[in-house]
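One structure is given here, and the rest of the page talks about it.
By written order: A, B, C, D, E and F. Residues from 1 in each chain.
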Amino acid sequence: MTHAEALPAWAALLTAFLVLVGASLTLIGAIGTLRFRTFFERVHAPTLGTSWGTGAIVLASSLLFSVLGSRLVFPELLIGVFVSITTPVTLMLLARATLYRERSEIASAAAPDLLEDPGDRPT
Amino acid sequence: MDFAAHLPVLPILLPMAAGATLLLFDERRHSLKAGINIAATALLLVLSIWLLRLVDVAGAPVVHVYRLGDWAPPFGIVLVLDRLSALMVTLTSVLAVASLLFSLARWHKAAPHFHTLFQFLLMGVNGAFLTGDLFNLFVFFEVLLAASYGLMLYGSGTFRVRAGLHYIAINLAASLLFLIGVSLIYGVTGTLNMADLAQRIPEVAPENQGLLAAGSAILGVAFLIKAGMWPLCFWLPTTYMAASAPASALFAILSKVGFYVLLRLSLLLFGAEAGALTGFGSEVLLIGGMATIAFGAFGVLASQSLGRLAGYSLLVSSGTLLAAVGLGDKAAVSGALFYLLTSTLAVSALFLMVELVERAQEPAANLLTVTMEAYGDDVEPEEDEQEEVGVVMPGALAILGICFGLLALLLSGLPPLSGFIGKFALINAIFNPAGLGAQTTGPGGMGWTLTALLILSGLAVLLAMMRTGIRTFWAPLEVIVPRVLVVEIAPVVLLIGICVAMTAQAGNVMRYTDAVADALHHQRLYVGSVLPEAASEAGQAQ
Amino acid sequence: MELTLAIAIGVLTGSGVWLLLRPRTYQVIIGLSLLSYAVNLFIFSMGRLHSGAAAVLDGAGAINPADYADPLPQALVLTAIVIGFATTALFLVVLLASRGLTGSDHVDGREPH
Amino acid sequence: MLASKSRNLAGIIAGAVALACHVAVWLLYVPVRDNEVVRSVFEWVPSLGLSVSLRLDGFAWLFALLVSGIGVLVVLYARYYMSAEDPVPRFFAFFQAFMGAMLGVVISGNLILLVIFWELTSVTSFLLIGYWHHNQSARDGARMSLTVTAIGGLGLLGGVVVIGHIVGSYDLDRVLASGDLIRGHALYLPALLLVLLGAFTKSAQFPFHFWLPNAMAAPTPVSAYLHSATMVKAGVFLLARLWPVLSGTPEWFTIVGLAGMASLVVGAYLAMFQQDLKGLLAYSTISHLGLITLLLSLGSPLGLVAAIFHIMNHATFKASLFMAAGIIDHETGTRDLRKLSGLFRFMPITGTLAMVASAAMAGVPLLNGFLSKEMFFAEAVETHADSWLDTIAPYAAVLASALAVTYSIRLIHSIFLGAPPESFPRAPHEPPFFMRLPVTLLVIACLVVGIAPGLTIGPYLHIAVTSVLGSATPEYSLAVWHGFNTPLIMSLVALVAGALLYLLIGNYLERSDGPFLLSGIQAQRIFEQVMVTVSWRWARFVETNLGTRRLQPQLRLVVFIAFAAAFLSLFGGVVDLAPISLKGMDWAFTGMWAVGVVCAVAAAYQAKFHRLAALALLGGTGLVTCMTFVWMSAPDLAVTQLVVEIVTSVLILLGLRWLPKRFQGLSEATGPMARLRRLRDLVMAVGAGLGMTIVAYAVMTRPLPQTISDFFLENAYSGGGGRNVVNVILVDFRGFDTLGEITVLGIVALTVFALLRRFRPAPDTVERPEQQRIQRAYDEAHPDRQPGATAVDYLLVPSVIMKWMFPVVIVFSAYLFLRGHDAPGGGFAAGVAMAAGFILQYMAAGTIWVEDRLRILPVTWIGGGLLTALLTGAGAWFFGKPFLTSYAQYVDVPLIGKVPLATASLFDLGVLSLVVGATVLMLIALAHQSVRRLRASRIEEQS
Amino acid sequence: MRNILPYPVLTAALTVVWMLLNSFSLGHLLLGAVVAAGASRAMTALEPSKPRLRRWQLIPWLCGIVLIDIAKSNFAVASVILRRRARSPGFVSIPLELRDQTGLAVLACIVTSTPGTAWVEYDSATGELLIHVLDLVERQEWIDLIKNRYEATLREIFE
Amino acid sequence: MSATILVWSVTIAQLMLVVAMACNTYRLIRGPRAQDRVLCLDALYVNAMLLVLTFGIRTGSSLYFEAALVISLLGFISTVAFAKFLMRGEVIE
């Protein structure tokens, strides 16, 4: 970690803080996936990581490299932007799919042969 | 650099360029594509003969080294053109001409991209023969395998796809082994260049020799799968039987690639100067080769269809070649190469014959074999009706019969054709490893067993082919004269004709194979040509 | 880390081999994928492990190769990845074709008796 | 080549050739008479000691004379014998080939050449015997004769090779001069046995005699030629030829003698019982050949003289008898001795000729057969080596002679004498003169030689004998009358006993169904049984039990053998593993792999029933693999692995559409065997995993040897113009690998495309997926909803975002590409990324929508990419450099600064183009199946 | 001009992306512009509904409030997870007037990116949006939040 | 000093992220439904991306940035494919 020696203490502290915040949020989100009971609850959990979890770490990275290179470097911001644009797509699609699956299961409870889900079934 | 200096790379680039160019034209332009393919294949044949003449000069053996990217070996990839590789390239292009001619009758239109796959297969095979780099060998193996997957599945159909699945699964496993082996060798020696490897292997520290041996063994297993050694060969007869006739005719060279690599590497890396690893694996090759001969012979006898028979006879020839590599001495290698030429040509011709003969057996098959399978379902029947290419053969059955008989002689190794000379050369080598007249002790138990196997396997092929031949050509009461086009029988005649010519010119061919064997046993020559600096350093040190 | 990676390679190989020997084509394709991960890592490990080493040259000037990760195995792995991708795609299509034509997803195209 | 009906022309050509041979042989009489050996040598394969060496000495000359002479006669005969319907040119072609081969055997001066001609006689005789291949018996006879004689021929090859090994040459002269060396060599017995195998099978010696009677299905001219003068004589010819080097040992005497004696007696005995005229002659041939073999076994020079003499005599009378038999068959339409009778009044001339020839066969005095038989008796009595074999030899000789008399009488009596039959298939009469001419000439020869042997055959026999024996040639006399000695008594006894025997059992023979006592044992049936057992049952057994057509055992073998090979090699050397320590362990890395490993095992566990889950878990493992590359300083790998990972998932998901559901427990085998199988696989999997762990650990903990990578690191920037060494290796140092690799990708894409063109989905997947059906039904059930509204709404918002991502992905792909040479990225990753962008559009809007708007020509991209890479590489040629030599320079552009320009980038552009094309082609081809199905089902609905 | 640069805003944005990825230099400005123009042209093929940015000056303000809202929600959801607090998840149906597809997309991103709310279903015929809320205490509160805070702003920007 | 702070914080952050990966993997394996697995796979991707970023911070190298970028930009494609497969039964219609 030779690069870090040159880092001013405030930057190091701030970076460390942001990194830890981001990681903590992500971890909490992951714990959420364990604790929540239904899919629609679980769907909220990863957003901790994809919102400020990512944001904090991205900021940390930007900060570090800006300070180290003594110029503003923000390519990491793109990561944040991309994540916040793409993650909703997947979550929306998944949520909608789940809604359909659950509806159709309720609707066709009388016809269990239609109930088979395509690749996977509850164990 | 003058133009001739670039010749060694052309057998790879020419098919590649042809294959890529073919992609730029619309699928439906069959004749144009066929034309390009014919031109490229013919050019390849001319080129390979040129290469053959380039290396076949009297005096000290010639090894042409082509440094790709102008990087000095062992860092860059090199192509090495010597007598052996020139011979194999020529054999490939001969088979290609025959197979292509055959396919022009109907097969080339059965599915998209036949010509491209065909040229890429040639590219892969030629690359495997020419390269002097172990990982580059892997790449060309993959090229030829990928193209062979395409050609194997070409035309689709239940049986073919089922066999293709097995073929691909096994070869994927083999490719993984190849990678493990190559990388392990790199991990121990730090190089990929074959000549460099030959230099470094004797110097590998004792504590690393086990790892090196393990890597070589795994690599060897990968090649043995491709070369078709029992018990790694069960996929082979089914695959070759299931593939379309021109494809399997061309595939006859594929198992020879495995043999080629085993021959090249075992003599180069584990030859007389390999230190502790000298002769590594040769016993396995000998015993495995013999087991393969035996299994192939029984398989030939057990075959009910001619296609499977042809596949098993390929196994017999594979086993014979492997055992010869196992013997390892010059005479055996020379005999093996002669045998390789004749058996490859003959098996290839037999694969072409299979379709023609089966057409004679089944009236329904007489009507467009291709359409039955390939156009079974189709939402988009875009291909127009097949039109005739060439003239239907008169007296087809008689010519087929003669060809079949000659092939039976060739494959069983019965006199007087080159099949006999090849087998005799091998047997002669078993009894007189140092040459006729040099007083040596008689062959050991292995030698006797191998001799017996060589003879008995020939007998098995003879019996089986006689059975099939009688059933096909003699037994039927009403003779169905198959619709055979000239372009279909011509390649068979061509291949057999080459065997006949080889019989007449056996002395010259043997002189060539003797020279090949001789050069293979002087690994210094190869190493010195690829790495002149290193070799001269070594010379100074001594 | 060597140990970790070695064990990882071993487990991936074991899982891959297990699947490779299964009767269903889909199992085989997953097995082949796992095996190719294992093999790629194996090739990679042949250049030894260099955590956090420089991967790209700074520019001209004298270079101490020991400071860098061995690039050659990496290049080999790249080739292997590409080829692995291609063959996975091919195998997939062939297994689909086989399933379609034979009506069975058994590797032999028919259920064993 | 000739039209199939032109039998005159074909016959004339064949006859002319045979006659020319015959004349040529005569022309060589003078030098041969003077004990010269006429030689003619062409080199063929010198390194193998194989030369086309023709060598005509007295013995060969005499034989050549016989072969060509009788050849002329048989051609003449065949011209009239063969029916106008037969494709005669083929017959004469085979005949000529056979005669050539036989002459070759006789005049070969090189043992290998001899073997070659030897096998050629087998092959051509196969064709001749099977000439009437529409008959089952002809096919069987041909097959059997070739099988037996080819086995023998291959044995002979082995024997000859052993002799060549002993002598150091295959040259006949050198071999003949090395008798003592051969007989004294340790390998003498194998050589002898192998040579004898060849000779005995060819000469139909017991126990290989059975093929000969079956070969009688051949047209009679063939039998007349093959079984009198040529084919079967090749065996005894060889015995005589190698007599100087092989004979004289106890082994020779015992084996050859036993075989000869057995053939002599058994052949004669069986001949008596034959009802088929040609069958009788065939067994008689076996017997006479046994006689010759027995003579040769004795090892005495006089025996050899008698043998050669009998070879000649037997040829003449047997050829004439066969031809006569053919005439009878031709005229009456039958060869059955039971049906034939009283023919003498219809064909007196033929009858007379046949009687004379039969008498010669029976050994009646004043005919040639008598003379050689007398010599045989003399030798049988004379030779004594104090073994039981030669003690019984005279008795066996007399017995066989007596039997020969019996069957000869039976032949004549049964056919020509007695009451004329009520009906023949055809009314018999004398054949055309020219058909009878050959018989006449041969019978005259029998008479002339029998009456005046010294004047006729004498000189020729002499040169033959001297050429074999050289200075050891004994004194012998060919006189008809040697006085009243033991042999004469034996002859008389045989004649009388034979005649008496016929009187006694003649009627029984006429009615018998098979040979007395031996009818149960039919060598032919035993042979067939053995053949079926070995070549079919055993073969099937071996093929099915030592081979398999199933995939799993094959893969199991691959894994096992690879493991075993590595294991044995590994521990053949020394492997010491570095001690395991947890110091310096990177716990994050280890934790990641804990995740990766669990995913892998879970994927393995789920792959059967939970395909989707397995795929997701596979993705988890792949992700950890990427992370490893990140951790271990391989960013290029990480990027590439990631994009490939993503595309592969999409690809497999596309495929999952066509894989029907699996129901748990449907085919899960639960028996103990299945469990055992799974256990075995588990053991193999664990073993393979352990092996890889050990090897990987061993290598990783050893110091890296001096590798070629150092060169790459040192030269990447200065020589390759790039800072990303991996990329420079890929596009420059080892660009050739990349060229091959992209070709693989292109090929696979084309294959996938071609295969999918013929794709036929499983019946249970043809329908639209269940989800779509339900959602459609839902839309249709609700009047306020448009059909398909669910699908539209589902993607309404996401597809907007996905579309807007398209240009971003393109920019990103350009970024990856342009950076590649100096930083992680490169053509491949860029190509896959761009392809992923395309796929995203397909997912967002559907195939039809996208293809209405975007014209992607993936095949052209593939071809163009390959050509770009290729032409970039070939561009170096114009600068006199090898293929793929790159050129890199930094160019100063105003305003912008230094811009790197490397031809390698152009190469990389080819890679990009190909990768885009190939990836898109594969995915789209798969995606198109849905469209295709849809169209197909619409067509079905309409019709 | 319209043919060469059909989406000037997009092109500009992509150029910025390019420079973010590489560096802010003149060379990359030019190169980036070329790449971005190419990518934009590719975009025309997909015929996206062309958004009209009426009041783009509202965008930064929107970004600001969204970032803050998300931060708040992060905190809230984290506490839900960590404290295992009792929660009452549920669906909320919201009638939307926003019809612009891009606007809807942005709204969807906002809703979904915010921990605690998830975009589930949107009926294009009725304009009815269904969201899922992790901790649904007061239904109307959520409806107001979406409609007044986000939808209104977005309608101003896009419609 | 700065180095120590950074090393510790990044190490702890990485361990936290790895634990997060483990949590997601648990759901990935246990499900119960396909959508849960896919959700967690997506989360796994994000975790990995963050790990890459922290790794970059730790080594001070920006070379790993592309890998993170790939995940953020393209990582969702496979998840979209999964989701479409669940909803519509096929990925590309």
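The rule is short, and it goes like this: a contact is a pair of C-beta atoms (placed from the backbone, for glycine too) under 8 Å apart; a residue touches a chain by one contact, two chains touch by 3 or more.
Being a predicted model, the structure only gives us computed values, none of them experimental.
Participant: Give me the set of chains touching chain A intersected with the set touching chain C.
Facilitator: A chain counts here if it touches both chain A and chain C, which gives D, F.
Participant: Keeping to the contact definition above, tell me which chains border both chain B and chain E.
Facilitator: Of all the chains present, those in contact with both chain B and chain E are D.
Participant: Between B-D and D-E, name the chain pair that shares the greater number of C-beta pairs in contact.
Facilitator: Per the contact counts, B-D leads.
Participant: Work out per-chain C-alpha centres and flag the one nearest the whole-protein C-alpha centre.
Facilitator: B
Participant: With centres defined as the mean of C-alpha atoms, identify the chain lying farthest from chain D.
Facilitator: E
Participant: What is the distance in Å between the mean C-alpha positions of chain C and chain E?
Facilitator: A distance of 39 Å separates the two centres.
Participant: Round to the nearest whole Å and give the separation of the Cα centres of chain E and chain F.
Facilitator: Comparing mean C-alpha positions, chain F is 22 Å from chain E.
Participant: In whole angstrom, how far does the Cα centroid of chain D sit from the Cα centroid of chain F?
Facilitator: The separation of the two C-alpha centroids amounts to 59 Å.
Participant: Measure off the straight-line distance from the CA centroid of chain C to the CA centroid of chain F, and report it in whole Å.
Facilitator: 21
Participant: Would you mind listing the residues of chain F that make contact with two or more other chains?
Facilitator: In chain F, 14, 17, 19, 21-22, 31, 34, 37-38, 40, 58-59, 63, 69, 73, 75, 80, 82, 84-87, 89 touch at least two other chains.
Participant: Please output the residue numbers of chain D that touch at least 2 other chains, ranges allowed.
Facilitator: 549, 551, 555, 559, 611-613, 615, 624, 631, 635, 656, 692, 699, 704, 707-709, 712, 734, 737, 741, 744, 747-748, 751, 755, 758, 760, 769-771, 775, 794, 797-798, 801-802, 805, 808, 812, 819, 823-824
Participant: For chain B, which residues are shared contacts with two or more other chains?
Facilitator: Where chain B meets two or more other chains at a single residue, that happens at 135, 139, 142, 146, 149, 153, 156, 161, 165-166, 169, 173, 180, 184, 186-187, 192.
Participant: Go ahead and list every pair of chains that touch.
Facilitator: Result for touching pairs of chains: A-D, A-E, A-F, B-C, B-D, C-D, C-F, D-E, D-F.
Participant: Which part of chain D faces chain E closely enough to touch in the complex?
Facilitator: Its residues touching chain E are 784-786, 789, 792-793, 796-798, 800-801, 803-804, 806-808, 810-812, 814-815, 818-819, 841, 845, 850, 853-854, 893, 895-897, 899.
Participant: Which bits of chain A are touching chain F when the two form their complex?
Facilitator: 1-9, 11-13, 15-17, 19-20, 22-24, 26-27, 29-31, 33-34, 39, 42-43, 45-46, 49-50, 53-54, 57-58, 60-61, 64-65, 68, 73, 75-76, 78-80, 82-83, 86-87, 89-91, 93-94, 96-98, 100-101, 117-120, 122-123
Participant: In their shared complex, at which residues does chain F touch chain A?
Facilitator: 1-3, 5-10, 12-14, 16-17, 19-24, 26-27, 30-40, 42-43, 46-47, 49-50, 53-54, 56-60, 62, 65, 68-69, 72-73, 75-76, 79-80, 82-87, 89
Participant: Touching residues of chain D toward chain F in the complex: what are they?
Facilitator: Checking each residue of chain D against chain F gives 587-588, 591-592, 594-595, 598-599, 602, 612-613, 616-617, 619-620, 623-624, 626-627, 630-631, 635, 638-639, 642-643, 645-646, 649-650, 653-654, 656-657, 768-772, 775, 791, 794, 798, 802, 805, 808-809, 812, 816, 819, 823-825, 829, 833, 836, 839-840, 842-843, 846-847, 923, 927, 930.
Participant: Once bound in the complex, which stretches of chain A touch chain D?
Facilitator: Checking each residue of chain A against chain D gives 82, 85-86, 88-89, 92-93, 96-97, 100, 104, 108, 114, 116, 118-121, 123.
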